[in-house]
Every structure is written in C-alpha cells, then in structure tokens.
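To start, the structure itself, in structure tokens.
Letters A, B, C, D, E, F, G and H mark the chains as written, and numbering starts fresh at 1 in each.
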C-alpha cells in the first residue's frame, strides 16, 4: 500500500468524525502519514456529515479526496452520495441496519454490516461507528488491529462500562470485515 | 499676464478665506480661469490660516503654489512665513497695523497698508480683509476694479450698513494700492 | 357531509420549505408567529425582512416576503436605509443575541434612538447558535459554553445584557416588550406582542422591538423538552417578561 | 521676608505645552482636573491614557503620562486590551460625545458591561468639535449644527442620548456620575467625581465613567462666557447632574 | 449653463443631486465634511433622504439597505472612514448592489493627517474587503471632471449593479474652481431595476444576498462578478493623454490632482524644448492597461515615470503594463505633502540625465 | 517531541502559546472558532488573557491596546471578520505595533460561504486598510508549517514592529495532521521593547500613535515604514521549490493548501514522465519576486501556470515577476470549491497541448 | 369533530407537541423519516378536542388542525 | 498677602477668569500676545483674597495663586 483513503459518512450524531479520528490516531501510531479532514460545509446542520482519512507511506499531497479507495456509509443519503465515488477496485462498507439497498457497481467490494443493530444489541446504539471501524480494519488491514485496540482503549477507555461494549462491538465488526473480505477475495 | 498667484494669510477670523473667494469670483466674472484653495491643515485651529488664488488666462495646472506672485499678509506669523516665498519681482502687501517690520528683500515690491486701522476707523474692524483686497487689486490690476465692486456688492450687499463700510474701505485700499504701486514703478 | 373548517394551518406567510433548524428549536415558532401576524395585518405583500448572520441567516428562504441578508449585526442599519427610502413599506429585522447585542450593539441602539419606524424581532437564546455554542452577551452567569468552558465568570465578562431594559432608557418613543415561546401560553402572548409591534409600524408610530426568549437545545446540550424547562427556570428569571416601553396613545 | 506658599499651580500632571483648544474651551479644565487627580492619588507614573479622535486627539501632548492614540470611538477597546494585560497600571480614556456615544457606542457599552477596570472621562459638549460643528447624539432638540442646519428635528434623528442613564441600566457594577465644568463650583464637584472614579480603579473595584458637560464656544458660535450660560440653561437641563451608579461598599 | 465657482466638495454634492441621487448617508470626516453640510441644507428641497449615521460601519450598511430599494444612494468619506466600510462594500458587491462612494483621501496609515494623499489606491482598486470583488474607481483631476465623473459614477454603478467610487484628495475637496452643470442630466437608458425589493405582491419573494452555502452557487456568483469586471475592462476604461506622441522621451503616469501638477511641469519643460508626455488614468479600476502599454511602446519613449502621492501603489499596475519594455521609475511624496511642479521637473531631469542617448531600450 | 495528531486550528493555537503569545482576543467565526475554543480551555494554565470581544472591530482595537504593553498578542478570524479589522490594522501598522492575525479564509465576497478559499490575498498583501502600510503575510500549506510559521510570525511581528498575518483556509483549520512542537521555542534575541507603554516613571511620557499633523512628520513615518518593508523584502522572503530544475516544461505557482494539491498533480504527471515544477511562495508579502523570476527564466520552462482558489489575485504579483518572459496562464476555482489534483492535471495538459514544441519563447 | 394532520415532511421529531397535548394523544412513531427523524403521530384521534395547542407549539409548522362544522374556540390565537 | 500670576504664554483671552473673579479685579489687557490674544491681567492686586477661583476656572491652567505666610482656605479643592 502506498496510500489509502477512506470516507466515512452518515447523519450528524452517528459518530462519523470520531471513527475517522480513531483511525487516524491508529495510522499515526503505526508510523504512517495521516490526514483527517471533516466536512464542515452546508451539510453540517441537520444533513449528512462526513470525514475523510488518508493513510499513506509517503508524503500526503492533497487532503481533498473526491474518489476515495473506500467509503463507509452509515445512512441512505450517504450511500447515494458516496457509493458512486469509490475508486474502481475499492471497498464500500454499508450500515445495512439503515440502508436496505446495495450498489450495482461490479468494480468494487461491498460489505454489508448491520452495524446499528449490532450496537443496539450490544447495549449502545451509539457504538455504530465502532462496529464499522472494526469492519473497515478487518476488511482492509490498513492499520494494525492491535494498534487500533490500544487507541480505542486510550481514547474511549475512561468510562469502563461503555468501553467494554465498544471493545466487544469492535471485535464483532472486525471479524465480519475480515471474513467478508476474505470471501470476496476467494470469490 | 499669463498667470497670477496670490496667497492671503493671517489669523483665523481675519476674513482671509473670504477675501480670496471674492477675488476668485471677480476673476471668473472677468472671464479668467481661477482656482481658490484654502489651507485646511494643522494650522487650522488657533494658528495661521491662508488661501491661495490663481488667476490665469490659460488652463491652470497645479493649484498648489509654493512661490506665489503675490502675498498679502495680515499678521506677523504670516509675514514671517510668506514674505520669503514671494517670487522675485513679485508683490508683498503688509497689514502694517499688526506688523511692524518690513522685508529686506530688494527683489520685490512691498506695500504697507494699515488695513486694520483703516477698518476700525471706518467702523468695522472685521473689514481688514476688504481693505487689503482693494489694495491688492489697486496695485496689480489683475482683475477689473469695477468687477470687484460688483462682486463685493453681490456677496456682501445684503446688510446695507456693513456693505457701505465695506464699499468705503475697499476704495481706500484700492487707492493706496494703486498709488504705492505707481510710486514704486516710478522709483 | 359537513364542511371541513381549518382552525390552524401553516400560514401563507411561510414558504413550504423545511427549515434547517435543529429539532425543537423555537426559531421555528417565532418565524411562524411573524408570518401569521404579517398576513393577519395584511402587510405581507409590502414587507421586506432583514435576515441576520446567525442560525436564522437563511430566514429569507422561509418567509414569503422580500428579504435582505445583512452583514453580522448590521440589520438595523440596512433596515434604516431601506425604510427611510420606502416609508410606505413594512420593514423588520430578525436578529439573534450575538448579532444584536454583541457586534450589532451600536446599530440597534442608534436605530432605536433615532426612532426608525421598523420592527425588530430579537431572538435571545443566550448563546451563539450558528457558530457552535459560544458565549453571548446574554449567556447566564455560570452557564457553560464553548468559549467559557468553566462557566461564565461575571468577574471577567460581566453580567448578561438585558437589551429591552437598556433600550428603554432612551428618550425616543418606542414599543419594547420581552416575551418567550417555550410554552403554548407564552406563544400566544408572544404573538400578541409581535402584532402590537407591527401595528406600531403600520400606524407609523415608532420603532418597535420584541425580545423573544428562545431555546437552543443543540448548544445547550439538552433535549428540546428539557430546553423549554431550562428556559422557564433560568432564562426567564434573569430576563423578566413584560412591556418595557410603549409610545404615548398606544394601549 | 515670609515664605511664599503656592495654593494653586499648573499641576505636574500636565506638560508645559500650550494646548490647541479654542479660547474658553473647557476641555482644558477637564484636562487639568484629571492631571491633578492623578498626581494627588499618586498614580501618574503608572498611568496610561487613551486619546480619542476629536478635539482632544492631541491630549497626549498635554498629559504628563504615557498615552495611546485610538481610532475614532474605539478607546474603550484599546483600554480593555491594555488593562487586561497590565491590571497593575491605571488606564483611562478621554472621549468626546461623537467618539463615545456615536461611533463608539458598542465599545463603551461592552467595556462597561464587562466591568473593565479602567476610567472613562466622557466630555459631552453636544456637538462634534474637531470636524467643525456637526450634530452629535447629544445635540439638543432644535439645536442648529452644520448637519442639522434647521435645528435638530427629533422626529428624524431622535432624542439626545443620555449616556450615564443608558449605562446605568447595565447589571454589572460601575461608578457613573455626570458633572459639569462651566463654573467654579461645578468644577470643584467635577474634580471630586473624577477622584472617586480613579479611586474605584485604584481599589480595583469596577469600571468608572464621568460624563462631563463641557462647552464648545467655537461651534456653538458664541463667546466663552455665553457658552457657560448656555450650558447651564440648556445642556444641564437635559442632562441632569448627579451620581447614577455606585459599586457596593463605596460611599 | 453658466460656470459657477464652487468648492469641490460642494460641486460633488450638487453633481450627485443632479444625477438623481437624492439619498445620502454620511459620517463627518475631514476633508470632505462640506459634502454633508451642503446636502444637509439642500436635501429638503429634493424630498430626498439625508441621514448622519452613527459610524461609517453603519453608513456602509445603510447604503446596503437603501440601495436595495433600487434608488440611487451614496456617501462620502475619507480614508479611515472608508476602511470601516470594507465589509459592507464586499457584501454589496457580492449582492450586486449599486452605490457610489466618494473617498476624499488623506494621509495615512492610521489617523495620519488630513492633507491630500493618494495612498488608498490599493484599497480602492484591489478591494480592501474580503473575497473576489472589485469596485469601479474613477479619479478626477479637476472640479469639472469631479462633477462629470460623479454623475457618471451613478450611471455606471447602476449599469453594472456594483459599487462605484470616486477617489479624490483634499485638494479636489477643498479648492474652488468654476464648474458647469448640464441643464438636465441625460444618460443612456438603463434596464428597469427588477432586482429591487418592493414587496412580494403579485410575484415571488425576492432575496438580496451574498450568501451561497452551496460552493457551486457561490462560484457561479463569482463568475458573474468576474464577467462584469471583464465587461468594465472593455467598456469603461477612461484615460487622458497629455502631450504624448512621436516626440516625448519620457512618459509620466499619474492620476488625479497629481496629474495636474505633472501637466504644469510638462508645460514648463516644453517651454525649454523638452518633450514629456503624460498618461493619466481616469478610471483607475478598470485600469487602462493596454492603452498605457501602447503609449509606453512608442519608440520615442525612453522611460516611464510614475508619480503618486503615495509610496507607490498604482506603480504596481503600471509595472504590469510596462512589463520591462522600458525602464520604470517612481517618484512619490506622502503624508499630505503635495509635490510641486519643480520637484516633478527635477525628477524628470534626473531621468533624462541618466539616459543621455535618445534611444536605449533596456531589456534583461 | 513526539508527533501528535491535531486539528489545524488547535495546532495553531498551541503554537501561539508556545511562542509566548498568551494574550488572545477573538470573535467567533467559522471555520476557525476552534482556535478560540481551544484557548478558552488552555489559557488559564498560562495565566494569560483570553477575551471574547463584542466584534472584530473591537478585537482589532483590543489588540492595539494590548500590543502597546509590549507583550505578544494575537487573534484569529475569517474573511468578513478580517475586513472589520482593517481600520485598526492600518492604525497599528502606522503606530509600529506588532501583533499576529490568523485569517482562516472562506469564500466571499460578502457572507459568501464557509468553505476553503484564497480570495483575501489582495486584502492581506496590498493592505485592505487606508494608507501606505503593509502586513507581513505567511501562508502555510500543511499543519506542521502552520505551527512553525505561527511561531515565526510572532518573532517577525516583534522584529519589525508590524502586524503579521497567517493566511490559511478551511482545510488548514479543519484538518488533522501529525505535528511536532519544539521542546522549547527558541528564537533569535530581539531588542528590549523600549517603545512599550509602561508608565512615565523615571522617564518622559511615551506616546503610541499614528497621527502626525505635520506632513513632514507623517511622510517621515511613511519612509520608516517603507524601510521596514524593504528590509522584509531582503530578509524575510520564503518559498519552496518542488521538482523544479533543468527539466520542468511548466512552472506552477501556487501557495497554501492549493500548492499541496498541485504537488499531488505533479507527482502523478511525473509518474507519466511529464516534468512539472512548483514555485510555492511561503511569504506572500514580501513576495518572492526575484526568486520566482529566476525560476521562470530557466530555459526549460515553457510557460507558467498560476493556480489559486480565487479568481486570480496572486496572479498580479506573478504577472509582475513574469513580465512577459514566458506565457502566463491562470486556473482558479472559487466559492469553496477546492480544485482536485485531476483538475490541475487537466490544466497542465491543456498547456502542454497548446505548446507542443519543447521551446518557444513568446515575446511580443 | 376535530382532528390534526401532521406533515411528516416538516416534522423533526422534537416531541414538543407530544409534551404539550393536554389529551396526551400524540406520540412518536417508530419509523424514521427520510431526514432521519422519528415523527409525531396521533394515536387516539377520537379524543382530540381541537385545541390547537400541538400546532401552536410545533416549531416546524408541521401540524394543521381541522374540524367538521362549528366549534367553540377555547382561546384567541 | 495673596496674589495671582497669569502666564501670558498660556492665556488665550477667554475672559472666563475675569467673569469668575468675585473681587472683579481681573481685566483684559489691550496688548496682544504672540498668538494673537488679549490676555488677562490683575488690575488691583491689593484686593486679591487668594480664593483661587480664577485659577480653577481657567481652561488653560494659566493662573497660579500664591501667598505669603499662613492663609485660611475657603474651600477644599
């Protein structure tokens, strides 16, 4: 890997920004170059929010990525907006709890994760972002999973109970991501 | 005459600006090009005030005249400031009521007019400027005296009594100016 | 079948656009009240509004009247300019507390003092909404905001500014009232006040300003329901409701 | 021979420069009072003044203290910036009515409301002096100026603004008093007020502002003697003298 | 009409009234306060609006509101006051609103002084506010031109729906010269102002704004603005040539009253048989770029001398036009000092001395 | 010190604190409000001053007062807010006072939008206020540089006793990147600030002002200012060359985050064997005039392409430097639209297509 | 008989109407709108007294109130 | 014995001291200063009571008041 770009998108409040930041911290800890950039435009209030993370072995040029390697979409409007933009050969992670369609693009890997459901079942609907984050790292291996775990602990470890839920759903996401990606690559 | 420049200078309140304006109106009425420009700089409050009038047969370029053809000085600070600046061959009209010195320049015509005294004697100390104006026109003939009279009437004719004083001292100034200039040119 | 009568509907004074306001934000209530009053007084077609910079910056999309979009805080100057040239038209500004009481202090005081015959709807939610919850001049003592993260310290930033009180110290006639919109009863009273304000303008009497205590659930960090309670318990205590000034001959 | 005792002399707080003020202009009296107070309270050496834009723009040449020259109306912002960084110093602004009550309205209201611990000497002469006699916010109804040549029409320009009244509507503690300097008795009272104001600052209590009714014979178009009478008969009637606000615990 | 002797500030005020601009907002400041004082007296006769605002910030924004009615509106001020209007000007340009601003410049920066200067050229022509906008700027060099350009400014402001500015200095404002007003001001007809806010009666609501949260919409607005500026550059360039031609060894570039002083110097040198020409931009934005380039390119022109009452601001525009075709020199005085014709002559002589050969095109 | 991941606005705030600037005045505005929010939390630890003012007009003037103490002071804002500070900036420059202003630019004119833009270049580099003054302006293209230049800005402001400005855009402000802070900020020693107002104790009163009623004094002040700007032009020019040399057929000129996008484009073209170089001004005032000219003059450079997130502002400075030595093209997007590397590549290809021959110096 | 109509498109699920309704006959749906909100709905229309309080409260003017025939208006609005 | 000293250099001839003096012993000179003003002068020094009222009134701090030996101060200033 030279450079990997991922856009995370959803409603404000779904923890999109945090997921991107956790990924960035992990990339940094892994010794990579990283940039995180949020959308702060007109979408901000009451619309979709998104952020992009670039993880790279080389100096990162433009932080503005119109066609990312990967998109993680948390709701339907985000799916509509970003699914078409993923680079050919790229990856699309879909929060299937809130999105009941799938892309007809054949040139990318789509992984459906019932993230919100998993989070609710685990006892915290707000952990959707952690499920997706796990799935992303599981599917791409763009950062070390161990590093990710340590970052999540570092940043979210203060509230013991919540952290345990997060820890659990991270694993669940990670496994789904790894398995589906493996299936795909064998398909 | 191609172009004639006169600077009038004195304390604020001595009617310097008005004298200059009356002269300008007269020039205009005589069909000349005229510019009147006041000083409005730091001298304004409590110091000397002055204005410059340019009267010309040709298009007037710079309105800023450092070395005028003539200076009419109403008080001592103005004398000190402007007497040295008059062009060689030029004219200096001095309000001798308030200025008890005379220039040692030999390259100009100096006319001493006890203007304030004349004005006070005529019943209006504030008419000093009119005396000087008369003297200036008498000495230079740069505008027609008849035109000047009509302008003074037009602009100051409303208050009958005051106008009569003005009319009188204008004549007195004019005569002094004409005589002294004649003397000089015969000397 | 009997006729269907409508006793309440979206007023003609509002466009059919979904606002960008957060759920439960009472900016929406205030918009509706103004729109209703403009229609009820028959003024809509000759009204021009002036939008502020603040959460209500897009007000021009929601009102069914002509609109100007002002620089931050300067709506009273725009309104002055417009109204002086078109005294036959109805002009109102719609301004937040940051807009009116902070950056726009000089403009509102002077417009009020000149007795400009326009109407100001002043939305006091004790915080800067649009920029994400910073301290406003109306932020309560001890209230936490993004720029007073340890609570407003009045020793460093002074007391909240009560605008209608301040404006009522001026000698020029005006109509000044403070209302709130966090409960149905308050909303009904607020509408009366807004109607009076526009009536003052319609009758070419005087400057009028209605200060409306409003919620900002998002930046107060609580639910809309909690926000109405917080307003009632705290904001209303510091900013007493009532009429502060009335032109002579106005009941 | 007996010793010679001096009971009155040019205060050490003033430089020996002849001011540019017009004859009889009471800006000069106010300068002297401030200078005397600074010396008497032992503050001169740690004082910085902020000059306005207005006839007193050159105040920095006349006071024997450090000085900043502010943009028009913004002296309270400069004073705030300075005093916040150097609370150990004594800071005062000296401002005219155009400067403070017109263009500088927002800055003075907010500085007062934040309770900035500096002192403002507010010279109200009901006109713009320096620019040659235009209408000020404090110009009296009917008063003729260069920009209201037919007399101030309050229907078009509103009533004169009473600044201490306006500022005293704020909730933040302050010392606010209005005095005049057109007669010896008034001057004595004015000095006391100025001393109290600086004492508030010295004791780190609160913001303090003294509004001083002052003459502008030049732009009022009358002699200095007549100007004192006009002030007494007209200005003082509209702008009542007295203490408008006092911090708790201050006599 | 007969010529009448008027003070510059008053002549400008009268010109505005005659151009149908009967709505004026102001805040006093030397050296232009006579504009306000004149209008305070005259406005009641016109049934127009005269309002002294609380500050120049308010003035700028009152203009914004007033211009939205579609009527002609204007203000006058001087340097520090103009600085305070920058936000409002940016907004008005963004909202495509016409208005006229008279800037009788004084020495800066800061409070500076009140004497004549030309040091607000950058602010006026490059846009002192934020964003990609421009103001149309005209610079008169005598009172008749001040009158004519003031009237024109209202026309152009309306034509382009953009703020237009007159820049003069204390000389223009304070001096008296004879001026002539047209019996009746006639101007090319302009489209009806359908963009004005007049109430949503029988039509959809109309919005006057500069906010475009969608970047495509905002870019579109910027492109519209740019198109107007490009059109101005084509249609509104104005300049004067004085004694240029196939003989002048030196080309002076100067504007406003400074150019007038240059003319006196040129006349004096001509009397001595030395030929110097003057290129005087009248519109300083749009700047007469190609026209200046043409004059510069004449083979007889050995060098170019820009003269300003500033440390060198228009100089940058001249530099772009000259593009090293000829050596470019600069002379400036600041702070209220008005260079005399003698000083200008001295500068010209210096250049001539430095360049003895009649032709020596220098190009690196 | 280890690299830490920070948001640009916060990194800038932290950098200021580390440079000893513990006195901050502000008024909220997107997209830079995090600077204020960060400092509101951190300032108590430093015993410094954090004050939210009533407006940007007040902010500018509080800086004036605060800078007069001799301590390091700063603010941050965005385009419309900066417009409101122009009068105060002119005053501070005139009074020789140091301060630092961070402008995280957004799309304009007017209220415009809140997305990244570079359309305040003119305002920053030519002086949006009145009078002959300049602001020293630095433009970082990544967060580490934002940190380094912020610290440097305080040093240079003090060195020249002049306001200094950092111009960034929403990208710089909003993105997170790893940054490193020096253990301890060391800087060249500067003279003691004897000009600061500290009370007339044991010395004569000291006056901080920009008013000089005597035109000679005011001109003198302007000459002093000019001398400082000339010194800056000698000592403070900063720029970066990226893949320029004896091979690049095209030279891009771009600054700030836009330059970073150009680098991505250049890398992509390099992979295709097409050599393009980038000249990136870091100090945009003083502009690296002669250095740019040098790069332009290389024989391999066929044409120059200026790219900005504006309708073309730095372009005028580039034009002066190019002086027709090479063809000069421009590409700009505005209103918050950030050109993608692909768009930049397209523009470069267009130029290359238009210029098939490896060498064709065009000169009229 | 009175009744309310809630415009799903305008409703943002703030629940203020639910809290305000004196009859307690409004509640939140379990479905989400396109904008991502749970919206208000009437669960017991028969008990509606047409008081307009929900509509007056709604910040999004999402509610209209209708009735058949004549009705006594409880308060002026 | 009290007495006043008027600094000609600072006096601008506003006449306020003349009007203020309770003893009416100040008057304007007939000479003009370098700045063009008639200045105030004491015409009857023997009647001066040292009350300082002229000095307090003077806007130009042109007047100082002195006396020999002890003196009762009429009012605090």
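General observations
Operating definition for what follows: a contact is a pair of C-beta atoms (placed from the backbone, for glycine too) under 8 Å apart; a residue touches a chain by one contact, two chains touch by 3 or more.
What you are looking at is a predicted structure, and each value in this text was computed from that prediction instead of being measured.
Among the remaining chains, the Cα-based centre furthest from that of chain F is the centre of H.
For this structure, the chains sharing the highest number of C-beta contacts are E-F.
Separating the centre of chain A from that of chain C, both taken as means of CA atoms, is a distance of 42 Å. Chain centres here are Cα averages; for chain C and chain D they lie 35 Å apart.
Between the Cα centres of chain A and chain H there is a gap of 87 Å.
Centroids of chain E and chain H (each the mean of its C-alpha atoms) stand 55 Å apart.
In chain A, the residues that reach two or more other chains under the touch definition are 41-42, 46. Residue positions 21-22, 57, 69, 71, 102-103, 105-106, 110, 137, 156-157 of chain D are each in touch with at least two other chains.
Contact with two or more other chains is made by residues 30, 51, 54-55, 57, 80, 87, 91, 95, 110-111, 113-115, 209-211, 213-215, 336 of chain F. Residues 57, 79-80, 82-84, 86-87, 90-95, 105, 107-115, 117, 119-120, 122-123, 126-133, 209-223, 225-226, 310-311, 313, 316, 319-320, 323-324, 333-337 of chain F are the ones that touch chain E when the two sit in their complex.
Put simply, chain C touches chain F in their complex at residues 53, 57, 69, 71-73, 98, 102-103, 105, 128, 130-132, 134-135, 137, 146-150, 156-157. Residue ranges of chain H in contact with chain D, taken from their complex: 2, 7, 9-10, 12-16, 19-20, 35, 37, 50, 52-53, 55-61, 63-69, 71, 73, 75-77. Those residues of chain B that touch chain E in the complex are listed here as 21, 24-25, 28, 33-38, 40-42, 60-64, 66.
The touching residues of chain C, counted against chain E in their complex, run 15, 44-48, 50-51, 57-58, 60-61, 63-71, 74, 77-86, 89, 106-107, 110.
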